[in-house]
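Working notes, structure below.
Note that the chains take the letters A, B, C and D in the order they are written out, and that residue 1 is the start of every chain.
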Amino acid sequence: MKDLALIQNPHRDDKVMDACGLFGIMDTSGKRFSGADILKAMTNMHDRGNGLGGGFAAYGIYPDHAEYYALHIIFMTPAARRETEDFLKHSFYRVHDEDVPTRPTKGIVNPPQLRRYFVDVGEHRPADVVDNDYVVERVMEINARIDGAFVFSSGKNMGVFKGVGFPEDIGNYFRLEEYQGYLWTGHSRFPTNTPGWWGGAHPFNILDWTVVHNGEISSYGINRRYLEQFGYKCTMQTDTEVVAYGVDLLIRRHGLPIEVVAKVFAPPFWSQIERAPKADQELFRTLRQVYPSLLLNGPFTVIIAHQGEMIGLTDRIRLRPLTVGVKGSIVYLASEEAPIRLVCPDVEKTWIPNGGEPVVGRLSTAPGPQLPTPTRRGILVEVAP
Amino acid sequence: MPEYLIIGNSAGGIGAVEAIREVDKDGAITIVSDEPYPAYSRPMISEYLCGERNLEQILYRPSDMYSRNHIDARLGKKVVKLHIDARQAELEGGEKIGWEKLLLATGGTPIVPAMEGMGKRGISTFTTLDDAKAIEALKGQARRAVVIGGGLIGMSVTEALVKLGLEVAVVELMDRVLGALLDEPASRLVETKLLSNGVKLYTDKTVKTIAGRGANDSIVGGVVLSDGQKLDCDLVIVAIGVSPRTQLVKDTLVKLNRGIVVDNHMATNVAGIHACGDVAEAYDYVYRTFRLTPIWPNAYVGGRVAGFNMAGKTTEYRGGTNANSLKYFGLPVVTAGMVNPPSKDGLEIISKAEGDVYKKVILKGGRIQGIVFMGDIQRSGIVFGLMRDGVDVTGFKDKLLSEDFGLSYLPESMRKEKIKAGSR
Amino acid sequence: MKTYVPNKFIVERDESKCVGCQVCVTQCSFETHSWDGEEQAVKSQQDRCVGCHRCAMFCPTGAITIRRNPLEYRENYNWRAEYIEDVYKQAETGGVLLTGMGTDKPHKIYWDHLVLNASQVTNPSIDPLREPMELRTYLGRKPEKVELGPGNASLKTRLAPQVPIEVPVMFSAMSYGAVSINVHESLARAATEAGTLFNTGEGGLHPKLYKYGQNTIVQVASGRFGVHAEYLDVGRVIEIKIGQGAKPGIGGHLPGEKVSKEVAEVRMIPMGTDALSPAPHHDIYSIEDLSQLIYALKEATNYTKPVSVKIAAVHNAAAIASGMVRAGADIIALDGIRGATGAAPKIIRDNVGIPIELAIASVDSRLRAEGIRNQASLVAAGGFRNAGDVVKAIALGADAVYIGTAALIAMGCAVCQQCHTGKCAWGICTSDITLTKRLNPDIGSRRLANLLRAWSLEIKDILGGLGVNALESLRGNRLHLRGVDLTDTELKVLGVQMAGE
Amino acid sequence: MKRIYPREEVCIGCRLCEVHCLVAHSKSKDIIKAYKRETPRAVPRIRLEARGPVSFALNCRHCEEPSCVQACLTGALKKDPDTGIVTVDTEKCVGCWTCVLFCQYGAITPDVERGKIAKCDFCMHLKEPACVANCPNEALLLVEETPEKPPKEPAHA
């Protein structure tokens, strides 16, 4: 079995420490637009990275194959491709596959081969396993077992494009201006301690969940030990991983809504809880009592996305930056305000959410744009058109 | 007309004045005394006599106390008659002073028995500063003194004279000195002290005659004792005792026994007239009767109670008893209450003697009736306090005389209450 | 019999400073000092000195110093002075050697081989003077997940009783009778002030301390002393004591002379009789018996209080702990080999049990491996000396710690190990009313509360340095620990990496 | 006015109150000098009473109606109307010990060598009375008390 950790983290550090630039754009009306804007925004935040990683997630880009899992896989060697495709053949029903289009770009050195496979679970799935779990298990299997192969993304009607380089070079390399999506997130890395490899760049993905993350999770040790009790294998030794698995555990497996999950990751202080309305007090206190080990402590900003939803969240004392912008039905989340103003000079409203206060953009079919309003929880802000 | 008239300028009078002023800042007070001095400490005339202190140093209160308290002090004036119906006191020379409230704090007057040869120069009593001054005036010519009376005053003048370098002989009617205040062992200890300081003692004797010398025998030359013995001397001090100075109320409506009869408020039977101090018969909690207890502290407290009552603040006298602290040639002696009970029936006596230390308590039904502490008097106050409070000491009576006796021997609740209450 | 055991200490009196005030005479409960009236000087009888420092601390001129007796035996690593003297003592008495406090043997102290991390450039440390820093911990059983009601509008999950503590340090079980009422009062008041808990130990709770019940763990041990319905009701947590780190496997013995009228009333035994706690609970001969007692106590208190089970840390602590959680314990209390006691056979104290560090690590790991770590809180005890030890214990996986000896030291104890004599000169481990007065509960509680405050500030400093602002982000976070001077096996048991890794 | 209350439930009988009282009333204010060099030695104005487990240190109660003041033959003892403190004017005191007999607390000490009494003066020269300041177990309580508001029993007495 290949040692993914060694690839991701050759020095065997506890976790990969890095600082980053984040950007997210979503049109909550569902209207699709090209990757040009996010490229421009990421270019503007050039100094937040150091060329050791850049990446993007885009949702709504594969309308033609919307009902199929789109697997983005990199191959370091032809043998890896052969082995993987053999594995896919036995595990999935393959609808379509192709190379991911790229263009030669200065700054992108020695890229691996990246192909995409549109697959269905079909009859391969045992009766007692749901599709999603089946896909997760297969993805883990490829990543853990097949040398030189790594699955970038595995969701439906979405894709992750990432690699070693500055994000503007990665975007150019993957010709993102040619895609049309309604939700884009981008990431620029500044790792301190790793040469960087293509699989290690952000966004981090499982199924259609993606996470871009700026920060260092000081509680990583206990977050990880906690998640391991639930069967998660933190093979990547990157703290971003625990955010993704935490989201998976709380939302998918424990059935909690994102607003509540935000209160687990970035809970109010006990003193704030004591001042909250009674019903909230009980909820918040119970969440902290039951999920103390999932408090994400230390500096972080994450943009978590999945089909139809984009969530921005900072740690509870906001040690890392997040700015929100709104124009019409479009929501921007960014590490800085400048790139928002660059791509949207007439932005209607920008603000900096409080620490631990999630900002949620949701796809809606309801007509007309609405400005964000505080909710009953007092802290949650939802952007819904 | 002054509101308050006080006759007597010693402990009782001052006690009254101070109490009145605590309650009544403005009422006019007149104080009259036949002595010309501001209030001085009478017990300290022996210190004055032997030259250890001057007048300034034996003043009982600062000399400006009269002016600061707006008191009309008529010192050196003698009241000769009381016009009780008219509420007026007549001074020598006819001046009259009225009163609303009158306090008789006239004290005592020395007893001088009839002896052959009285009237010679060199004979004096010893109760006032003037007495001390008179003796002082003679001290240059005197070498030997005879003190008639071995009581409190006699002992105190004896020590002063010894300190002045005189040879002193004490003649005492009883078989021991301080017979009224001390029991026999205690008296003997004092006598030992006296003898070791060169004092000659003639007990069981009286002075029959005072012999003279010089022209017309006008100057004291010696005394002849009841047994015929003749003692040469050039000074005779008569220190037999004092009696209440009651002349002013003799044959008036004011009720008189040996002293002026007062109630628990130090009031006499006549409205508006109070009495206190050596002249009054106040309550004695040991003997459980009204009687003379002529000691300074009782005079002050009695005066204070009288003063409060005169000024309208009803106050009760909780009673006093004879209690004295003496010190002869460095030997401290305290005594209080019934020291020489007439009969030992129903009494329990606990005593302890060790060198210079002698202690005794007399109990009746578990309650202390009298105490004598000599040599070590440090804890005597606590025992005296228990006597005054009538505490049943049965549970710890054996400890009363021990060196470390203290409140810790009292039952917890009593002890705590006492420590707390004391402060209020 | 003539003793061959030499003086332990030399009392040195600087005669140029001694003013003969005799304060030392009044203070030595072992009657070392006495006043020689003839010579008008204080004299000392050296062989009585136990090294408690009471006289030295109270001497107003600092005239007294206590030194170890330099009397040397011939050098011999095997036959060290202590072992020679123990043999002397046993040859002279024919008895089991009794002692007090925790072991003084050089068992490896793993705290001293564990170092903590701190934030530097890539993540910021948090300044506890400027940012909130949360130490609150809830003790009690937790469910695996939170469930919401229909439409996510309400909370469906109902928690078992949870007890908050504001600092993860509680006061260990020390029974009334072993320690004085003033010690209990000091502990109770300090716990109340600091928002933590004190543990009654096995000896009941004096009714005058019932008012501190919300900060009290009431203990039920094998002797059942002082256990009654009101006692259980008044406490916040009930603890079943199975074992104690200082004397695993054996019971307790409070000698009759310490059973005063009040102690007797509180313990519900006749005055002056020995209070013997059996080695086992005579109704617990198996884990299912334990479960019955746990549920009997829960039933008796209407399921309003968490039930803690305390064991000595022994070889198979992890497996026992797992069984206890499954038997219904809401809190597991582990007491390591360095745990202390009022009296224990020396041979047991010094040789039985395992270090608490290893016990925490193995129990926490085992409970996580079995997926039941959330079902019980883990409390560790046994020789915690400072906030560093506490932080490391929490990083290894403990929810909170118990301190006993440190609390006593805060109140004046100099660890002279004479607890078993009942003559504690500091008035702590005694029921002699002359001595118990020496601990003024006003002062005792203030000193204890200060200690907790100081430690909590230090813990906050460390947390801030680690870049976290809540204790829960440290709990079980072994990545913040590194080992120094430890073998691979030790590192493996502790679950930490070597420093530099 | 201020008062000093002994708390016997925490008095440990160490006598440090006596020691520090003596020092506070010595010439040098230096403990070693006060004991070893000054003659006559200063006299403590507080006295420990100890009997078995019962102990407490008692000094002048500064009574409302002080018997000692009333008994004083010379006027040396006074109760200050403002501070409530009973003071002795040592110039006037002749050492007759009448107050010693009249103090039911035994709180007045005959300083035989000086021929004067010694009693608590509340250490007016210090910020806090030396006995209170130096009691190692807070067994002497300094309380401010007004006639309207009698002292509270110490909270944990």
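Remarks
The working rule: a residue touches a chain if its C-beta (ideal position, glycine included) is under 8 Å from a C-beta of that chain, and two chains touch if they have at least 3 such contacts.
Keep in mind that what you see is a predicted model, and the values were worked out from it rather than measured.
When the C-beta contacts at B-D and at C-D are tallied, the pair with the greater total is B-D. Note on chain placement: the centre of chain B and the centre of chain D lie 29 Å apart, centres being C-alpha means. Spacing of chain C relative to chain D, judged by their CA centroids, is 42 angstrom. Mean C-alpha positions place chain A and chain B at a centre distance of 106 Å. The distance from the centre of chain B to the centre of chain C, each centre being the mean of the chain's C-alpha atoms, comes to 69 Å. Counting only residues that touch two or more partner chains, chain C has none.
Taken residue by residue, chain B touches two or more other chains at no position, since every residue touches fewer. The complete set of chain-chain contacts reads A-C, B-D, C-D. Note for the complex: chain A touches chain C at residues 12, 14-15, 17-19, 192, 215-216, 218-222, 224-226, 228-229, 254-257, 260, 267, 269-271, 279, 282-283, 286-293, 295, 297-299, 316-317, 319.
The touching residues of chain B, when paired with chain D in their complex, are 15, 41, 43-44, 47, 53, 57-61, 296-297, 300-301, 304, 323-325, 327, 332, 334, 336, 377-382, 384-386, 388-389, 404, 406-409, 412, 416, 418-420, 422-424.
Against chain D, the residues of chain C that register as touching in their complex are 16-17, 19-23, 26-27, 58, 60-61, 185, 427, 432-434, 437-438, 440-443.
Chain D makes touch with chain C in their complex at residues 9-16, 18-20, 31-32, 34-36, 52-53, 55, 134, 136-139, 155-156. Chain D meets chain B in the complex at residues 3, 5-6, 8, 47, 49-51, 54-56, 58, 61-64, 67, 70-71, 73-75, 91-92, 94-98, 100-110, 145, 150-151.
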